[in-house]
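Chains here go by letter, A, B and C, matching the order in which they are written, and residues are numbered from 1 within each.
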Amino acid sequence: MTTATFRLQYSDAIGFVADQGGRGFHLPMSMVIRGDGRIFVVSRSNTQALDIVGIQMVTRGHEFFGQIGGYGQEPGKMIWPTALALDRADNLYLADDYLQRVTIYDRDGAVQSTWGTKGSAAGEFDGPSGLLFDADDNLLMVDHRNHRIQKFTRDGQSLGTWGAYGDGDGQFNLPWGIAQDRQGFLYVADWRNDRIQKFTPDGEFVAKFGASGDGDGQFNRPSGLAVGADGNLYVADWGNQRVQVLDAAGNFLLQLRGEAKLSPWAQEYIAANADESAARATYVPVFDVDTADANEVSARIEPYFWDPVDVVLDDDERVYVLETSRHRFQVYDKV
Amino acid sequence: MPTVHSKQDVALMAHLLRRAGFGATLQELDRCLEQGYEATVEALLSPSAPDAVPEDLIRRYHVDQSDLRNHAAGAAYWIYRMVQTPAPLREKMSLFWHRVFATAATKLIQARMVANQLDMFRDHGMGSFQDLLLRLSRDPAMMMWLDNQDNHKGSINENYGREILELFSMGVGNYTEDDIKECARAFTGWRVVNPDYMSIRMRNNTARPYGYIAWQFEYDDTDHDHDEKTFLGQVGDLNGEDVVAIICRQEATPRFIARHLYHFFVADEVPVPQWPHTAPRDPQAIDLMCQAYFDSNYDISAMLRAMFNADFFKSEAARFARVKSPVEMVVGTLRMAGGLELPSTDTYAAVGVCAAMGQFPMNPPSVEGWQGGSEWINTGAYVQRVNFASRVLSDPGKPGIQAIIGRIRDLANGRGLSAEELVDACLHIVGPLEVPDSTRDGLIEYARSWGDVDFADAASTAQAERTIVALLQLVVTTQEYQMV
Amino acid sequence: MMGDEKNRKVVVVQLSGGNDYLNCVVPYNNPRYIDNRPNVRLSEDQIIPFDNGYGLNPSMQPVKDLYDEGKVAVIHGVGYPQPNRSHFRSMDIWHTAEPTKVGDKGWLGQAIREMTPDGDNVVIAVNFAAALPRALVTLGAPVASVTDLNSYGLLNHIDAAPQRSQALDAFRDMYSRALGNGPVMDYLSKTGLDALRGADILSAVPQKYASTVEYGSNPFAKSAKSAAQVLLADVGTRICYTQHGSFDTHTNEVALQARLWDDVAGGIRDLYTDLKTHDASDDVLIFVFSEFGRRVKDNGNGTDHGSGGVAFLIGDRVKGGHYSEYPSLDDDKLVEGDLAFNLDFRSVYSEILEDWMAVEAKPIVNGTYEKLGCLNLN
């Protein structure tokens, strides 16, 4: 048992359910932070609120800059967005599971190009999930229904793949997120195998962490992940509705369950609704729950993470946890 | 050498599987015929396997089925479960209770509470009725649907007190208005956690600020009326549990539930509001199920067992005597075609078609549920019905269609099949459907227009597959296929 | 020259979700409006000036143009007793004309039964959506539901023409010959044949249509165009049912409502113009309604469910102007924060049913309601 030498202290929540458009997110799937502090969050939304499908732009200071893209098949639009990544020139890359393509937006949000072909041959993919620009500015894609990682040039030329279906070392079962540490090692959330796998930059298996379960260091369908400067691994333990932090050797350090308070957008809404505001005065957000089902617990307890899908670190090692079903991200400071 | 089953056995088994489930694939039918009728009834009543629902995949691919706020997403999730379930009666009983204890997502704002209620029906819908009624009375969706959070000591809201008697257990005519008030008093203090805030969110139809918050049952003793009550002749400091126990002892309760079961599984009854004034179609059937209820200490599966094994259910007159509900039609056809994979847009399309035909799952039109019967049939709905069924069967690659083609190929056994043989085979596999000669003639003529069916070589096999698919598509447009 | 009453048609435009009356016909200078709408308000420089100190939503210019031609009746404060804030229940009340109990017959469905008692006219009512609104549902009342007129029909997914026509022939054959096999089977057979006949009639409609009017590309414009096509084809259709939404503007209201009214107002104008240029507008009445208005006080970014709304009747035979009164916004006149309705919607129905469609209203709306007299039938 390793003890963490730091704490993660809740600092803020940014978001609002924007199921009718406007400021906020709706069923967000992925986020990235640009060097200048602009944060991009892609909302998947549902079949009856298609207007909000798109990439919303915000800052940590609760500014909202509208959205890029929208629902549809035309270039620049999206149907089932899954992942975002920024290249070195700050171009924004979006993966779409339905359209089976990658869309590239420039710094100003204009569409540059799209590429992608569904299939299992080299250069083709089926269900792009995680996206990451590696140290060489090549795009690594979690090609999840092909159970492999595929490396692309920025314009979509395949530079190779690794992995296959299975639960052996270097094999995957519907993997999701991907991250790289300072030494260049890659980490993949091997989603349906309930583990994290570590690889060399060329895809050689190095190590695996975790097993199925809800104990310390165990996972239930890990999705997004990030690596700190110290090599600590931050994992969105999606099915367990928590974030776990492991050290570079895979030892459990600590976990977060979520403790969101009302963000300024939420406060404004509540303040403007006298009846809801009055009723909220007697509202007890955290109470004893009569079920052990983590998903149902999250459905009942508003401050907790609900479907924490992605975890991102900024340059100051603040931790951002994006929650699909609560339409927000929570921010934690390392202290 | 597989056992050859008589035509009568096959027809009866198919009838059971249509009514107690959503129709059977060829393999399911064979398996059930092997184990026999009564054993199949037992297996349906006590499914050994839990549903193997890939919740993780569903929630990853259909994120709107993870928060389950959206009605269409909630209904798509249910359609998926109905199509995929290995325990069709459990799912059919959930649909049954959903019709009797009709709770609509529209008022609740989110489908999730209805989905949770359906989970409760899955787990307890074939057990003790007393247990079920008590769970229903504590079910957060029901509580909010019928305003029990507004039912306070000294200021009752009668909604649940009335409906539990009128619609959920005994039916009109078996209690007084005073009983309703006393019943409501017994349920004071039964509410959800954070009742004020949860109520106002529901009333304001809002998921703001951070999405939906699921409800949890809570009993507040300080808001419960502990004074003496008189309910159906029983006197005391009655609480909700006592009221449910008293209700379940009444003769009227199993009579009412039995009539609902008959209405749903055997033959269409007159609309529920007319029940107090009109005798049941088959009073002996009701008596039989009542007896089973009391003999088994209120066990719902005992009533079902008595029904499925009774002649009134098994008789030929009972077969194809009910109009398929949109959900039965859609789910049955998707099961026949097979091959529903995730992610699936088919389940969403299925919800749209059900809604277009007048049955939006999780969204019954009122607390009285769907009436059904010929109300399912109008010209607009008919176009939807016919087009949906024949479209689902248009893909010869679907495993269910492949199985049907395989069965016909076995039947051909190396020779060619006449149009008559082909039509009879298709009717047999899809039903077995008994159609009038005029319909059979029409199908034969159509089959003939597609040419002979044989499997001599690749080209003729491909042609045979096209012919079979075309014929199946027409078979499901027949009037007989609209019946169950 | 107006056709006789057996030729008069209604196009229903349902604004689903609850159209905000206050930001549709805007009391922009009323201090109570200004107080109650700190965030979700249209100011004097935004609205389209209208009569009596009211303004129209900036997206409603096409309606204003028709109004200026004297073709629009603005019906104020329309609602029903004991308002219900549930979309579904409130819409149901409008659909069945039954505010107090759960009705199972649609008001137009009953009118259809009166107009074609034996159901012979299978295209008497055409609904432009997949789901059938309860307003059109009554046992035995034929209704066609069309999502896309160009591909409408039975077995429309069979691409190859000869195969589809063979399948349809077989269907027709089976269904006609199966009559006489008991009441349920006969009902199915008749419905199937009616559906087929309706599909035959309606699928021929687009070929008959030629127009210079260019409709928008939004779903409502598509419905409006389809309605024009069906009405101009003169196939016996007397009710067209369209809807648009969602007007359920709890957030982002000003932008959402503006966009929706762009669609609706534009669609209505194009429909009217289309009919007019084909000399067919004289016997068409357009009826616009929503299941309720919205809360007087805004919620910061939108408004919540309320009661008391506005309806419109539009057409050549409409006596343009204002009917009934705008309900007071004074606090003591509001009912639980909502506008108090001052006109029962069944008055409007009675006028449409009796004066326009020549169908007795009383059995349908279950009572006698004073009509507004906003139709010019001479």
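The rule is simple: contacts are C-beta pairs under 8 Å (C-beta built on N, C-alpha and C of every residue); 3 or more make two chains touch, one makes a residue touch a chain.
Just so it is clear, the model here is predicted, and its values are computed rather than measured.
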Taking each chain's C-alpha mean as its centre, the one farthest from subunit A: C
Centre-most chain, if every chain is reduced to its averaged C-alpha atoms: B
Which of B-C and A-C has more C-beta pairs touching across its chains: B-C
Subunit A-subunit B separation of Cα centroids, rounded to whole Å: 38
Gap in Å, rounded to a whole number, between the CA centres of subunit C and subunit B: 33
Averaged-CA centre spacing for the pair subunit C and subunit A, given as whole angstrom: 44
Sequence positions of subunit C contacting 2 or more other chains: 248, 250-251, 299, 304
Per-residue overlap in subunit B, given as positions that touch at least 2 other chains: 204, 206, 208
Multi-chain contact sites of subunit A, meaning residues that touch two or more partners: 269, 273, 276
For the subunit B and subunit C complex, residues of the former touching the latter: 104, 106-107, 203-206, 208, 321, 323, 352-353, 355-356, 358, 360, 363, 365-366, 368, 371, 374-375, 377-384, 386-387, 390-391, 394, 436, 438-439, 441-443, 445-446, 449, 470, 473-474, 477-479, 482-483
Contact set on subunit A toward subunit C in their complex: 18, 20-22, 268-269, 271-274, 276
Contact footprint of subunit B on subunit A as seen in their complex: 15-17, 19, 27, 29, 44-49, 80, 97-98, 174, 176, 191-192, 221, 223, 239, 260, 262-263, 265-266, 269-270, 273, 275-276, 279-280, 282-284, 287, 289-290, 295-296, 299-300, 302, 306-307, 324-328
Subunit A contact footprint on subunit B (complex, rising order): 56-57, 59-61, 63-64, 66-67, 69-70, 72-73, 112, 116, 193-194, 196-197, 199-201, 204, 206-217, 343, 348
Subunit C to subunit B touching residues, read off their complex: 85-89, 92, 102, 104, 122, 127, 130-132, 134, 137, 139, 141-145, 152-158, 163, 166-167, 170-171, 173-175, 177-178, 181, 184-185, 187-189, 191-192, 194-195, 198-199, 248, 250-251, 299, 304-305
